[in-house]
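Encoded as structure tokens, the structure appears first; notes follow it.
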């Protein structure tokens, strides 16, 4: 039995044709389930239909039953789809190096109830954040990474993620390139924050590149990680104004705020099933 | 017969219950009409359902037929609803006083194809903008307004709007209070731009009030006109940063840009049937 | 003796006349001290001169010597002025009630080196933030406030501020009205964050007022506290976009981010001697 | 004789040393001239001093006298410097191709008194904007450009600019690469608006590149033209939010607003002598 506060989120995409929305909404009506909100979008150039729908299920309509009975419809339209209960929190594993500002911001939001997530553990190639993490009662795993142990180290990280039953991996300023096997294992499940307005200043030391070029805005970009470095589907971007008077160090400091807010927003979109991926693009139903 | 570029926009609101979306989408599927995009929103505190849906109709499904066949569904759910063809432009009558910047901006966008509208005429209580308006081939009506002739003047304006078969009246810095009969005649069809971030600085000389108070941002607000001055449902707002160094005159100048963009955006939302009104609130499906 | 990293900040305001900048800069040149940056502004309507100047003093020019030798010039022009060494941190006493987000944000920035300040203590009318504060090694004072003990409680707070040799008091969501004696004792030294875009929605529950009115942006305002509630000189403001779909609770959550960033920015301006007060206005040299 | 509204603007840059500001301000005081505002900035890494100062001269202190008497000081410090009277308008020659939106926006602002400039002529490689330009009483020169006549065409443009006694050339979406001789002849005097957030998407069709990459913000960049295409010193940048639902055509349309405002702001900064160039960077005293 569901209770009065139960809400499901359904996301789906499939080749566009007449009748998709009718099939979905007839299904809901037949099961005495109400629509709380929905967004449909058709990418006309790729003839593909995208949808996100929030649902108030009837008391007898469990999530398992929903999935089971919706499956034939999904099959008929060859949908990629997900159905989740909003109160069932996703499990977020955070990877961090030395810089703690994004980690601290995520923890602060998590504790304030802004991020509907569980954080089963934090993984780092440094010890710097151990005390902070453990103080919050979250397990901290130190996995040293150097030139010689990379494959083993990332295997270890993959195992820790599996053991934690992680749903999504967040690189909260994890200053390492994720090797291809790990990218390939979790497509659309690893979120990175890059400290530039991509595609400007991909690669290392983007704020210093920006200062060198004399730009008047610097930014940050969150994206899903793919084997192509800094090339994955972009989830969110934002910028902040800088001036001639701002040193490279000051730009780094100003940029921290944008990194924090862009990463937090994109993680929230992901946790609320607002992001659908298609090729190298995202559809973000805000 | 419709052609390949025909698109309908359906908007509706009604008391919330199970089956609204199902009824709408079944109707579309039965008429071989595709969904191009949709937004549904339920206001839980008022238990009301709002929807905007873009539709690619089947070749035989004219707008008249659509309206005729959809009417029974709308009746069953007691919907407030509209159905329009996207290429069928709304008729925008612009009222202006002396300041031309919003008028000029709307004309520039209109001529650039940004505003899907016809402008059958411009009405003003001054002659200042006649040359500009007529140069663009648009009729200009001068209706002087003074303390003695108000009721007659606004009756005249109402007749001009009717004669022009106006769909929406835009007060593009029309520095007069619209009397109640005109407000009451066109609810949700008169858009005003107020040069402050309402509810701050309602009334006269808002930029000077803002300068006096020493605020660090000034703004503009577009809203539907109701009998209560500056109290109607807000469509759009935006702000711009000012500093101690900006004089009241300079703030007026900076504010012009925000007035122009807020008014243009809100008019576009209106023309594209993105704004649904409920009480003193708007639902804006962007 | 000063060292290579010594920097002074001089701020001043006085009645405008020819020769102020000449006197200041001749004084610096005579003492072999370099200008690192400066901003001068004349408020023409009040005929008042405002300046902020960053200085690299000669090795033998101590801050005490600077103050002593500059005093006659300041007297001659009847200046209000301050001179400080940039590395000499101001002492910030934070007052907080139950909501911790602004406090946590300030601590996070403080520990990251973004805020050049010492925090001698935190004062609260609740126990909720004790653990957080003490964990950072900062003393926490609980001063209960109720209808019966107000004068005594605020006397206590004033004594704690004095004992801590506080330079500035920050109300980081301190949900109490500061009584007039305390306001009067520290003009220009108490900073409050109000959770609305003042003068909109002064008073209680501003986000709920904003939601009620259906605004499209909500904001926050930092200001110096004066006896007139929510009427003091504004230091900084910012806004964030909201929509019809955001509940009052969600607006509260979105607003937290703006409160945090507006308060942090205005405190930084204050700590860096960027804010000069004149009447109910601020000059902020950014 | 000057009158009460006479204001001079002095800009200068030179190698940093003690005494620059003293020399400038003593000079002003000796000539009974008041400081209305000033900004000084030292680029510590290049050890260079930059200044912009607004001055109310004494009644007998003409601009010619100012320049003559200031010259020895400028020489002593090896300054690059300019002195101008604020009411003496700079002469802006606008180059445009077919797209008129930036041209129209500049003309609208010019006529509203926002741009303190004279526009002696507009030059175009197309006839499209002739009617618009001539209607405003401004001469229009059509200079066709094709693969065969480039050197001659740009010589012609150079002559027209000289004949018009142009101070600054504005490329208001002039879709041609300026050849090196013209760039070299007017360093710091040709302003271009590029329709992307440089260095992202340099080169052709930037909005389509942006759409292809799936970015969430698009921008515009104004810069001084140098022989290296899209590489000159950046004056101003801004961005606007786009989403998955915006087609490339819609992004082009949204981008127009940012192009207009970025170009207008950067031209105003230039006209008000707020931009100082150093190498490939600008110092913009706002």
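The chains carry the letters A, B, C and D, assigned in the order they are written, with residues numbered from 1 in each.
Following the convention adopted for this analysis, contacts are C-beta pairs under 8 Å (C-beta built on N, C-alpha and C of every residue); 3 or more make two chains touch, one makes a residue touch a chain.
Note that the structure is predicted; figures quoted are calculated from it, not measured.
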Neighbouring chains common to subunit B and subunit D, by label: A, C
Taking CA centroids for every chain, report which one is farthest away from subunit B. C
Taking each chain's mean CA coordinate, subunit A and subunit C are separated, in whole Å, by 37
Per the C-alpha centroid definition, the whole-Å distance linking subunit B and subunit C comes out as 42
Subunit B touches at least 2 other chains through residues 37, 41, 245
Give the list of subunit C residues in touch with subunit B in this complex. 41, 43, 197-201, 213-217, 219, 233-239, 243-245, 280-284, 286
Given the complex with subunit D, which residues does subunit C contribute to the contact? 16-26, 28-29, 32-42, 44, 49, 53
For the subunit D and subunit B complex, residues of the former touching the latter: 37, 100-101, 104-105, 108, 112, 114, 135, 245, 253, 256-257, 261
